[in-house]
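Next come two complexes, and both contain chain A; in the first it sits with chain B, in the second with chain C.
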Partner chain A sequence: MNSLTAKRVNNLIALMVIIVVLLLLIWPFFYIFVSSFKPLREIMARAVFFPVEATWGNYETLLFARTPVRDFPRFLLNSLLVSLATTALSLTVASISGYGIARGKRLKSGLLSRLLLLFYVFPTIVLLIPIHGMFTSVGLYDNLWSLVIVYTAMIAPFCTWLLVSFFENIPKDLEESASLEGASLFRIFIRIILPLAAPGLVAAGAYAFITSWGEYLFALLLIGSSLKRTAPLGLATFTAEQYIEWGPLLAGSILIMVPVFLLFLPVSGYFIKGFTAGAVKE
Partner chain B sequence: MNRIRAQAWREHLFLLPVLSFVLLIFAYPYIRTFLLAFYNVSFGARESYFVGLGNFQALLRDLDFWSAIGRSFTWAAGNLLVQMTVPIGIALLLNRRMRGIHLARALVMLPWIVPSAAIAVCLRWMLLPRIGMINQILLNTGLMDREMHFLGSSATAMPTLILINSWKFLPFGTLLILSALQSIPESVFESAAVDGARGFQMFRYITFPLLGSMIWFVGFVAFAWNFNIFDLIWLTTQGGPGSATETLPVLIYRTAFRTFRLGEASAMAVFVAILLLIVGIVYFRVLTPKK
Partner chain C sequence: MKKISVWLVGVTVLLLMSVGLVQAQEPVEITFWHHEAPAHRVAAFQRVIDLFEAENPGVQVTQEVVMWGDAWIKTLSAIEAGTLPDFQFSIPDLMMTVYRAGVVEPITDLVKEIDEAYQLFPAQRDMYYHDGEYWGLPIFTMVMLWTYRPSFLEEFVGTTEPPRTWEEALDYARKITEVSGEEVYGIGIGGAKNLMTTEQAYIFLNTVGARFFDEQGNVIFNSPQTIEAIELYKDFFEFNPPGAEAWSWGEIELNIAAGTLAMSPYFPSVQKRFHEEFDSDDYAAAHIPFYNGRRGTITYPNEVHIYKSTFEHPERVAAVKDFIRFMMRPEINAILTAVQEPGGFFPTTVAASQADDYWNDPIVSRFENIHRVAFEALADYANLYGFEYGRWVNLGIGDITGADILADVVHRVVTGAMTVEEAVAWGHAEMEKFSEPVPLQ
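Coming up: the complex of A and B.
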C-alpha cells in the first residue's frame, strides 16, 4: 500500500516536470499563434502575451492584399504541389528500393545500400553550385519540378531505410502462397506488401511532406521568379525590404506551421516508432 | 553459378530507383565541385580557365575563410554542448509508462518538424529589444538587468543562434536516446535496484554506460547537421552583425551567389568536405570508445 502511494506521488512529480519541460520547449509556438491576432500597434509595443484587441487583420493582409510579387496564397499552393509531388515520388522510389533491400540479404549488408545514408553526413553546401548549373543547363531553373527532384534525392534514401524495417516484418509465406496461386510480383507488391506496410508508408510520407514543405536553401537556389516561390521563400520576402511587416509575417508563419502540425500529430506514433525501429537496429 | 549471378543482378535492380536520384543529385555534383575548384569561373560567364591550385592558394591567404572555419567550429562545439546533454535528460523523463506519455513525446517533436524559415522570422521579432517577449521575460524574472539586442550585437548573436538551433535539434536527439533507452531490458534496472542502486547512482553506473554508443552517434549526427545549417542563420542575421555569425555555409553561399566567384567557392566547398571527412574519421577511429 505504502509503495503504491509512493509510486503515485512519484508519477505525479514526473508528470509535473514533464509539463514544465514541455512548456519551456513549445511556448513560442503558442505565443506566435496568439500574437498573429494582434494589431500592428500591439506587435510593435512592449510585449504582452495575449492580444488586447484581437483582429483578423494580419491574415486579411496576407491572403487578400495580394500583389503579383507578394502572393502568399500562391506561395502556399506552390509549396503544396511540390510537397505532394515529392511525397508521391519519394514513396514510390523508396518502397521499390526498400523492398529490394528487405528481401535481398546481400543488398542489406552491401556497400551500395549503406552508401545511400552516407550522403546525409556530407555538407549540402558542396552541392549548390553544380546543382544550380545542372538545372540551368537543362532548362529547369525556376521550375518547381527541379525542387521535386532535389527533394526526392534528399528524402528517398532515409525513407528507403525506414521502410526496410517495416517490409522485414511481413512474413515471407504470404508472398510465396500468393505466388503459387499465380500472382505476379508486381501484383503481390501492390496488393499484399504495400497494404501491410501502410504504417511505414504513413511515417515515410509524413517525413517526406514535412521535409519538403519547410525546405529553404534549394528553393532559394533554384527558384527565380516571384510567382514560383514556395511558402518559406515567400515568407522571407516579407523581411527583405527595409520595413519589416511583422503582422503578416506572424500570420504567414502560422499558416506554414499549422499544416505541419496537423499532418504530424495524428501520425506521430507511427513516425516515432518507424524512426526508432531504424535507429535501434543500426 | 550463372543463375546466382543473374539473381544478384535482379536484386540490385531494386536499388536502381533510389540510387539514380542519389547519383544525380549527390554523387555527380560532388565530382563537379571537385573539378570546378581548379578553374576560374565566374557566374554566367561562358569562359572558364584552368588555374590549377590557384583557388586554394587564394584561400590560404583569405582571412575571411579562416575566421569562418573558426566560427563553424565554435558553432559546432557550442551546439554539441547542448545537444549531447539536454536530450539525455528529456529522454529519461519521457522513458516511463504513464497516461499521456505518447502525447508528450509527440509534442516534444514540434521544434524539429517546424520549418526553419518560420522559426527564424518569428524569433527575430521575439528577440528584439523593447518589443520582444524574450527580453520581457528575462527582465521580469530578474535574469537580466537591461534590454539586450540579442541578434544585433556581435557578442550575443552567435550564442543566441546556437541556443535556437539546439532547441530545434533537441527532439531528434531525444528520439534517438529514447530509442536506445527502450532497447535496454527492464530486468537490468530491476536487478540493479535489488543491488541497491538508487536515482543518480542508477544513471551513472547503469543507464549512462549502456547509452554510450548512442550518445556518440547523436554527437556525430548533430555535428553533421549543425555544420550544414544555412537557413536559420541566413534568415536571422545573414552572417552578421559584421561577420559574427558567418559560418562556412553562409560564406560559401555568399561567395558563389552574391559575389559570383564560383571557382573560389568550389575550392572552399572541397576544403570543407575534406575537413569533415577528417573529423569523421578521427571521431570514429580515435574518439569513440570501443566496445
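Coming up: the complex of A and C.
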C-alpha cells in the first residue's frame, strides 16, 4: 500500500468515525423532531419511529393555545429580548475592557483582570438569594432587565478574555498611523479595532446569546409573573409531575432550538476560531 | 373670612370623601401560587377564579404557577427577598419548610369553620396541625393505589381480579413478565433518586409497618421492617422494564399507556389519558395488597397557607379567606378535583366526596370504582411518612424529603451499589443529620 492509498484509507476511517459520532449526536434531536409531529395517541403508544398520522397539532397547541399563565410565543419573545440585550451589553463591556487589557500590559497582569477571571469561575449559585434580594430592593424584581444585568455580569468576564487575544493580534502600527492622521482614540476603536476584531466579536456574541438563551435558575428566581417567563422556564411548564404534556413539549423543544441553530450555524467557524485564537503564539 | 373657612373645610371633606370612595372602589388584589402547570389544571383554577370574581366583584384573584420541582428554591428565595404571594398551595413537607422559616400564620378558625361545615377527613386535616394550631387547610388530596391493566391480567395470569396479597402480586408480576416474553412487564416502580421513588417505596414501608420516626420523633429508619420492605421492593424490581433505575413520573405514565406495564403502585391519574386519548376502559385501580394482614399507602393533602405578610393588609386576608371558603364549597371543590385531574386529585371533605358535581364528571363516572377505592383508602389506611401520628413529630422531615433519602436508599440497592442492610443503615445516618424531634407536650 503506497502512502497515498494509506492516507486515503485514514481519511476514510476518520470520515466514518465523524459520521458515526455525528449520527449519535443528532439522533436524539431527530427523534424529537420526528415525534413532534405525532398525535399524543402515537407518542404514548409503543414506539413507532415515524408518525402514522402526522399532525401540526402540537405546534398549533404550543403557539395558539394560551392560558392565563402560559403563552409560548411570548416566552420566546421574552427570551429573544433578554438574549439580544445581554449580547449587546456584554459585547459593549467586553470589547472596551478587552481592548484595555490587550493594550495595557500592567492591566493584564494586574488585580483587575484577575478579578475578571475570578468572577467567571465563581459559582454563581451562591449568589442566587443575595441577588434576588438586591434586585427586589431596587424594584427590579419581576423585570426582564434584571436578567439582562445578571447575565451580562456572568458573561462579560469570559467575553473579555475571549476578545483580549483578538485585540492583541491587531498590529499596533495601524492605531499609531491613524493617530498620526488625527483620529481620536474612540474613532480608532470604532473604525479600526472593532472591524478587525469582528470574528472575535461574533464568537463572543454567539457565546453571550446562547448562554443567556438557555439560562434557567436566575430567570426562575427573578421573574415572578408567569407571562414574563423566558422560553426555558416556559418549556418546563409542560413537564408537570403526573402529567407531562408530551406533544407541546416536543414541539417546544424544537422551537427553542431554532434561534440557536439559526445564529450558531452561520458563525460556527468564527466561534471555533474565537476559542482557539491565542492558543498558539506566533 | 368665616365663609371662606367653612368653604375650605367643606371642600377638604369632599376631597377626602372622594379619595376614600375611589379607594373603596379599587378591587382588592390577591395572588396565589400553585404548582399545577398543565393547561387543563390552570383552566380549572381559572374557572374557579372567574366564578369567585363574579360573586365578589371587589376582589381580583391572580394565579401564578411555580413548578413542583422549583417550589422549594422559589419559595425560600421569595421568603428571603420578601416577594411571597398572599397565599400558596403546598404539601406537608413544603409547609413545614415555610413554618420553620416563620413566615406563615395559623388559620385554625378557618379550618374549624370548614370542618364544621363540610367535615374534613381527619388524617388530611391533622397533617397541618402543630403546636395547638392548624397552619394549612387541605383543599384536595392525592393517593396512590394499585393501578393495573385488567386485559393483561386476564391474558397472562388468567384472571381480571387484582392481587390481594404481596405474594400474589409478586407471582402476578413474574407470570406477566415471563409469559409475555418481556413484551409486557409485571410491575412499574422507579429506582431513581427522586420523589416518585420515595413515594412508591413508602408504600412498601407503610405496608410492612416501617416508619421514619417513632412517636417521640426519634429516627427509627434502620429497623427489620424497613429492611424487609426494601427487600420486597428489590424482589419486585426484577420484573420492571430495563432502565427503571432512572425513571420518573413520565416514564411510568408512558409505559402504562403504551401497554408495557401491567401493574404499578401509582396515582390513578392516567385515567384522563385512557378516556380522552384511547377511549378505553382497560385501566383500573385496586387497594394496595395485604402483607401479613396489613396494608398501607401514601396520601398527599394539598393545602393552602396564608403568609404573615398578607396579614398586614386586613382586606386581603378577608379576601383570601373568602376565596378559600369558596374553593371548599362541594360544587366548586369538584372543579378542583374531578375536573382538574380526575384520579389525581380527590376531595378532602365528606361533603365534597359525596357531591353530585364530583360523581357526575364523565371521567369519574367512567372509572367510578377507582374513585370508590380511593375514598376507602383515604379513610382507612393512607398516610404520609413523618405525619402518621396526628401531630408533627420531627421538623426535619421536610429536609429528609428534599434530600430524597428514601429514594437514594432504594437507588443504592437496585443498582447494586449496596446491600439492603448497608443502604438502610446509610439512610438512617443521613436522616439523623436532619432530624429535629418535636418534644412531647
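The rule is short, and it goes like this: the second predicted complex is superposed on the first by the 273 of 282 C-alpha atoms of A that agree within 3 Å, B and C clash if a C-alpha of one lies under 4 Å from a C-alpha of the other, contacts with A are read in each partner's own complex, and residues count from 1 in each chain.
To be clear about the criterion, contacts are C-beta pairs under 8 Å (C-beta built on N, C-alpha and C of every residue); 3 or more make two chains touch, one makes a residue touch a chain.
Predicted, not measured: the structure shown is a model, and the values here were computed from it.
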Practice task
After lining both complexes up on chain A, report clash or fit for chain B versus chain C.
Solution key: clash
Exercise for the section: Could you tell me if A:L221 is touching chain B, chain C, both of them or neither one (first, second, both, neither)? Expected result: both
Exercise for the section: Once the structures are superposed on A, label A:A236 by its partner contacts, choosing first (chain B), second (chain C), both or neither. Expected result: both
Exercise for the section: Based on the superposed arrangement, let me know which partner A:A65 touches: chain B (first), chain C (second), both, or neither? Expected result: second
Practice task
Look at the residues of chain A and decide whether chain B or chain C touches more of them.
Solution key: B
Exercise for the section: Determine, under the contact definition given at the top, whether A:F30 touches first (chain B), second (chain C), both, or neither. Expected result: neither
Practice task
Scan A:Y141 for contacts with chain B and chain C and give back first, second, both or neither.
Solution key: second
Exercise for the section: In the overlay, answer first, second, both or neither for which of chain B and chain C A:T160 touches. Expected result: first
Problem - First, second, both or neither for A:W56, with chain B first and chain C second - result: neither
Exercise for the section: Applying the touch criterion given at the start, work out whether A:R41 contacts chain B, chain C, both or neither, answering first, second, both or neither. Expected result: second
Practice task
Examine A:E245 and indicate which partner it touches, taking first as chain B and second as chain C; both and neither are also allowed.
Solution key: second
Handout entry: Doubly contacted residues of chain A, that is, touched by chain B and again by chain C
Key = 44-47, 128-129, 132-133, 217, 220-221, 236, 238-239, 246
Completion exercise
chain C partner, complex, touching residues on chain A are 40-41, 44-47, 65, 67-70, 128-129, 132-133, 135-136, 141-142, 217, 220-221, 224-226, 236-246
Practice task
Could you please specify the touching residues of chain A with respect to chain B in the complex?
Solution key: 11, 14-15, 17-18, 21-22, 25-26, 28-29, 31-32, 43-47, 49, 92-94, 96-97, 99-101, 103-104, 106-107, 112-113, 115-116, 119-134, 149-150, 152-154, 156-157, 160, 210, 213-217, 220-221, 231-233, 235-236, 238-239, 246, 249-250, 252-253, 256-257, 260-261, 264-265, 268-269, 271-272, 275-277, 279-280, 282
Exercise for the section: Using the touch definition up top, name the residues of chain B that touch chain A in the complex. Expected result: 8, 11-19, 21-22, 24-26, 28-30, 32-33, 36, 90, 93-94, 96, 98, 100, 102, 104-111, 113-119, 121-126, 130-133, 135-136, 167, 170, 175-176, 178-180, 182-183, 217, 220-221, 224, 227-228, 230-231, 234-235, 248-249, 252-253, 256-257, 262, 265-266, 269-270, 272-273, 276, 280
Completion exercise
Touching chain A in the complex, chain C uses residues 35-39, 41-43, 46, 63-65, 67-70, 73-74, 76-78, 80-83, 195-196, 249-250, 253-254, 257-260, 267, 269, 272-273, 277-278, 341, 344
